[in-house]
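Below, chain A partners chain B and then partners chain C, in two separate complexes.
Moving on to the complex of A and B:
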């Protein structure tokens, strides 16, 4: 498992080079890797279905208890298959679809990067690891939605998706931490339980249970585009079609569903009235209905599919909440097939006929028969047409049966399911039938023709698999769905699952309702002009108080709030910055003293103060006073440099040669940088009145006094046993044991060995600071009117060439 | 700034300071020094060059794009941490090898922390010079 992640991660990095050298074969070359990994996962179906999972653990930072634990069970297997196999088809498709784009290498790097993150997400067992992959999918999704970054809608769509899922993700992180510690309480483990497979029973009885549910669901519901957070998903349709097919239908948006399913055995209360189940049913059912309804008012191919995906995600959440894991798993698999296929068909219609609006086009079947057949099969499957032996029919029957078995909620849920089902039939006709067999309003913009084979492969295979699913379920559907369903349920099913279509060919209420939904859907299709008119008042309302509008208001408020606080806190006056920093630090000290009620005792060991020390003390003090009296910035900087050098001498005297060397070098460079910065500042002048200057003096003196006391107090107290003895021993033991750091300079060994992770983090911060300075100084337009950045870019390229 | 004294001094000091910075970098494991101080020292050598002549000449002498150097330094530091993974240790654990070198009686010890320290050196050098050079170029 870890190997497969490593392969994909490397492939992502190598993708630009593959694209450059493989030419038109790039799709085939790149798709081979996820296909191979998918085949490996497929070979594990029998053993996982028998209950044999695979666990791989790697000690990452054992000191922090952070282990990379990956676990393959039925649920993970279902998603791993979707990620790798649909991913392979999408890569093949992309090799042709993106041909000629000037950033094609970057596109593949993002796409495979996403694939890696998503695979990691569904295989991770450790909660922190899961969260890291979760965020990685958000970031790669942001890059992919905004891929055509010269378009405004791409940028705003990408940002909207990132904001909504990112905020939810932060809430979820808090929820996962609470979850881990609550589980630790119950299991009696002090540091919390971080592996999902080890979560104990009875979490729903813990005092923090409502917080866990609320926070974790905040992440899951935003990620899976549930009502009222669904609006980012249609905006994300600015991405290329294959990205929508892959991320926003088959995989990423299901991450929330995945996590809900993953935690269901631990967080479920067991009754429909429980908090967990109630929220899932409520949000799921609302999303199912609202998504399907909103889809009926769309005419753009991808937006129709986007809203219907919102509806489908609602179905999955609802089915899990209702306690029908088998129906949920069956629906997830079926949905990935028909919706993935239709999204790819939408891309083909756009690419080969130049059309995006399904209301305008029709009769494309003659020009593109294979695409048309795939779309028709996927459409029938999506509609769940009664007695058509396709995956969607089986999933829909299971869904309606679940609705009829919902206790006191039966009437409400069944009505919602049938209503959403009718809308879905209408969407299926609009996307799977109308473009190819319906009446055309006009000729397509491009001369329509059939897509080349790499683009046809994935949609055709997905459509055909929809038939295989329902006719020969034992081939792959039953074992995968059973294993996944049992993982969601947290135990084996009582009866064997029936996914063969003929099993559902019986006169029953469910079949009758399904037929009713189909008829209503067909009715809406023929009366769609009337339907749009009848529902327009609701659409107007949505435009005024709908969730998307609320998001706009929130973003506007954020911008305005930031402006307001920036005007107060960061008004551009350096004096105000420094004053605020000092006052804040003093305030914290005051608070600490008030809290503890005691002033720290200050050591007064001044015995070692000899002549040299006095010289240093006096020169520092004199320099400090002189610095405040000078009338030139350059002179002030030089005098401050004297103070720095004196401090370095103090370090050298008291046995800190490393600190002294560093201080000398830093002080020298700071003076150089100061001199360069001074150039940008206005001429020095004193504007403050006497009162202000006296206040400043008081503040500075207080701060200096407090810091001096603090240092003295720190030197005279020992709160913890010093760690230096351990460092000495570990750095150069008497008897080398192969574990030591082999060095005598403790300062350096701490930096590069004992605490090297800290150092690495600091290096990254330094790098970011350098980029910050570079952009601040370079990306301003210069006075001649040509952007500095442009010239700079050329120069960099030349230099890079030399290197 | 066209100071003959500074320019002459820089001609002699630059190679000496660079040599010293490398010595300090490499001896850091047992005696005072290390990548951070070494990097700062090397940065001050090039800053001197830039002040005595101009940034353009200092950049020419450096030959390498500064931000690329920062990237290289970060990569080296990170890569040095991956060696320990191959023997099953945690990330960034130091590994040491004894390499016999012709002409020396004792074998030379080479470890991944040295690589890490070289990464520190390059990052610090690149970051400090990026700041100084970009600020100074605007002045020029």
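Moving on to the complex of A and C:
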């Protein structure tokens, strides 16, 4: 398994070169790899169906409990097959579809990168590993939706998908962490249980259970485009058709369904009233209905399919919540076939006939018979036409039977299923029948012709597999669906699954309801003008308060809020930055005093102060005030020098000769430098008005007062013993060969020994400042083309020559 | 002494910040130098003040020739080591700022910070 991931990851990197050198054969070459991997997974069907999973572990960061654990069970196998085999078909299709695009290599790198992430997602057993792959699919999906990045709708669609699924993913990460620790509580493991296969029983009794459910579902429901988060999926249709077919119908959008199914045995409460089941049924049923209803108002081929995919995802979530894992698994497999096929057909119609709007086109069957046949089969399967032996029919019968068996919710859920089923029949006619056999409003834009074989292969095979599914289920459908269903259920089924279509050919309520839904759907098709008119008030309402509008409002608010916030806090004015900082610090002081209820204590023993100290203090105080008032630059420099020397004397008096000497030296240097450049500097100018200056003075004085209090308070606290005793001990060796710093000056040995990294940092700062000074002096003048310093140098030389 | 030093530190901070809030770039530089002094004095005073608020002139942390440690009280060397580092860094910043002011004035022709904001927008 890890090998297959590694192969795909390498293939993703190598894809641009393959595209360059393989030419038109690129699709075949690239598709061979996932096909081979898919064949390997397919060869594992018998053993996995018998309950034999495969586990591979690689210790990645054992100290942090991070293990790369991959596990193949029935559920993982179902999705792995979808990812690799449909992926192979899509790559083959893409080789022709994307021909001539100038960034085709990049496209394949993204697509195979997505394939790798998705395969990793469904095989990962470790929660963190799962999350990493989960986010990787979001990122690759972003890149693929925005692939035609010169179009605005591509960019906004990509961003919308990333925002919605990304935010959900963050919530999910929190949920997974809580889950792991809650599981650790129950299992008695200190660091949490991180492998999903080791999650203990009884999580629904844990105190954090509601949080786990809410957070994990936030991730799953956004990823799987459930109501009210569905709006990103139709926007994602800006991607090339094959991306929609692969990511946004067959695989990525099912990641949420996958995780729900994966955690179902651990998080389910066992009753339909439980939190987990209730949320799944509620969101799933709402999504199923709303998605199907919204689809009926679309006329663009891909948007019809997108909304109907939203509906199908709702069905999957609902079926899991209702406790029918067999029906859910059967539906997932059937849906991947008919919807993947129809998306690819939509791509062919766009590519070969130049048409996107199904309301306009018709009678394309003569020009593209193979495509038309595939679309018709997929459409019949999607509609679940009664007695048509196709995958969709079987899945639909199981779904209606589930609805009829829902306890107190039977009436409501059955009604919703039949309503959504009717809409789905209508969508199926619009997408599988109308473009090829229906009435054309006009001639297609391009001269329509049949697609080349690489583009036909995948849709035709998917359509045919839909028949094989229902007629010879033992070939692949039954073992795969059984294994997946049992993994979702968390135990073996009592009775063998029946996926053969003829089993459902009996006079029953379910079949009758299915027939009813079909008739309603056909009715809507013939009266579709009336239908659109009748539903337009709801559409207007959706345009004002619908989820997509809410997202727009939220994004607009975010942008405007950021702008406003930036204008206030980051307006580019240094004065404002300083004031903000000071006010914030003062606020924190005030808060601390309010919280503790008292000012920090101050010592009481203020001993008499000698004359020398008084002189120093007064000279610093006077200079500090004078420095702010003087108008002369040179005088200010002199006053600054006074302060510097006075501070140095204070250090010298109180046992710090080293600091004092440094201060003397540096102060002298600063004064010298200042005097050197002072006549190159502008004169002091007063720019601010009196009111501003007074406000600044008040703020500065308040802050100064607070600092003075802080010094007094801090000086009289001793939170822990000074470390100086240790320096004293460690400075010189007790015995001639003892370990020590070998220095007599404690300040020196601190600088060069105990805290030498500090000194290194200081030297780096000094070096950077020196480079900065040199650069500023030597910087070239762009207007003149000659360095300023050189020009000045010339003048100096001339002056020197004159002297 | 610590009471006086605290007052001085407060005054130095106030005048430094007042200068830093000026629109004139040169005054900002003066403010930077002043705030360096304030911070150094702050470190020193906090470390040298005893718990009762008193402050004493102590001998520096120097070990006499022939001995392996200092007997009796001595001034805490750690704050002085920190101050020493801080002085040098403040010097580097001051030197850089001075050259920056000079250069900016040369190029822009003004030292009013409100007229120099175009690069920050």
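Simple rule for what comes next: the second predicted complex is superposed on the first by the 572 of 803 C-alpha atoms of A that agree within 3 Å, B and C clash if a C-alpha of one lies under 4 Å from a C-alpha of the other, contacts with A are read in each partner's own complex, and residues count from 1 in each chain.
Please note the rule applied: a residue touches a chain if its C-beta (ideal position, glycine included) is under 8 Å from a C-beta of that chain, and two chains touch if they have at least 3 such contacts.
Note that the structure is a prediction, hence the values are computed from the model and not measured.
In the superposition on chain A, contact of A:50 is made with neither chain B nor chain C. Look at A:724: by the touch rule set out above, it reaches chain C but stays clear of chain B.
Residue contacts after overlaying the shared chain place A:766 against chain B and chain C alike. In the superposed model, A:494 lies in contact with neither chain B nor chain C. Touch criterion met: A:657 reaches chain B and chain C at once. By the touch criterion stated above, A:673 is placed in contact with chain B and with chain C alike.
In the superposition on chain A, A:703 makes contact with chain C only, not with chain B.
In the overlay built on the shared chain, the residue A:747 is in contact with chain B and with chain C.
Of the two partner chains placed by the overlay, only chain C lies in contact with A:575; chain B stays clear of it.
When chain B and chain C are set side by side, the one touching more residues of chain A is C. Applying the stated touch rule to the two superposed structures, the overlap between the chain B and chain C interfaces on chain A comprises residues 657-658, 662, 666, 669, 673, 677, 680, 744-745, 747, 751, 759, 766, 769-770, 773, 777. Within the complex formed with chain C, the chain A residues making contact are 572-575, 578-579, 582, 602-607, 609, 613-614, 617, 620-621, 624-625, 627-628, 633, 636, 640, 643-644, 647, 650-651, 653-659, 662-663, 666, 669-670, 673-674, 677, 680-682, 684-688, 696-697, 699-701, 703-709, 711-712, 714-718, 722-724, 727-729, 731-734, 744-747, 750-751, 755, 758-759, 762, 765-766, 768-770, 772-773, 776-777, 779, 788. Across the interface of their complex, chain A is touched by residues 1-28, 30, 33-34, 37-38, 40-42, 44-55, 57-65, 67-70, 74-81, 83-85, 87-96, 98-103, 105-106, 110-114, 117, 120-121 of chain C. Note for the complex: chain B touches chain A at residues 24, 28-37, 40-41, 43-44, 47, 51, 59, 63-68, 70-71, 73-74, 77-78, 81, 88, 90-92, 94, 96, 109, 111, 113, 116-117, 119-120, 123-124, 126-128, 130-132, 134-139. If you check the complex, the residues on chain A that touch chain B are 59-63, 657-658, 661-662, 665-666, 668-669, 672-673, 676-677, 679-680, 741-745, 747-749, 751-753, 756-757, 759-760, 763-764, 766-767, 769-771, 773-774, 777-778, 796, 799-800, 802-803.
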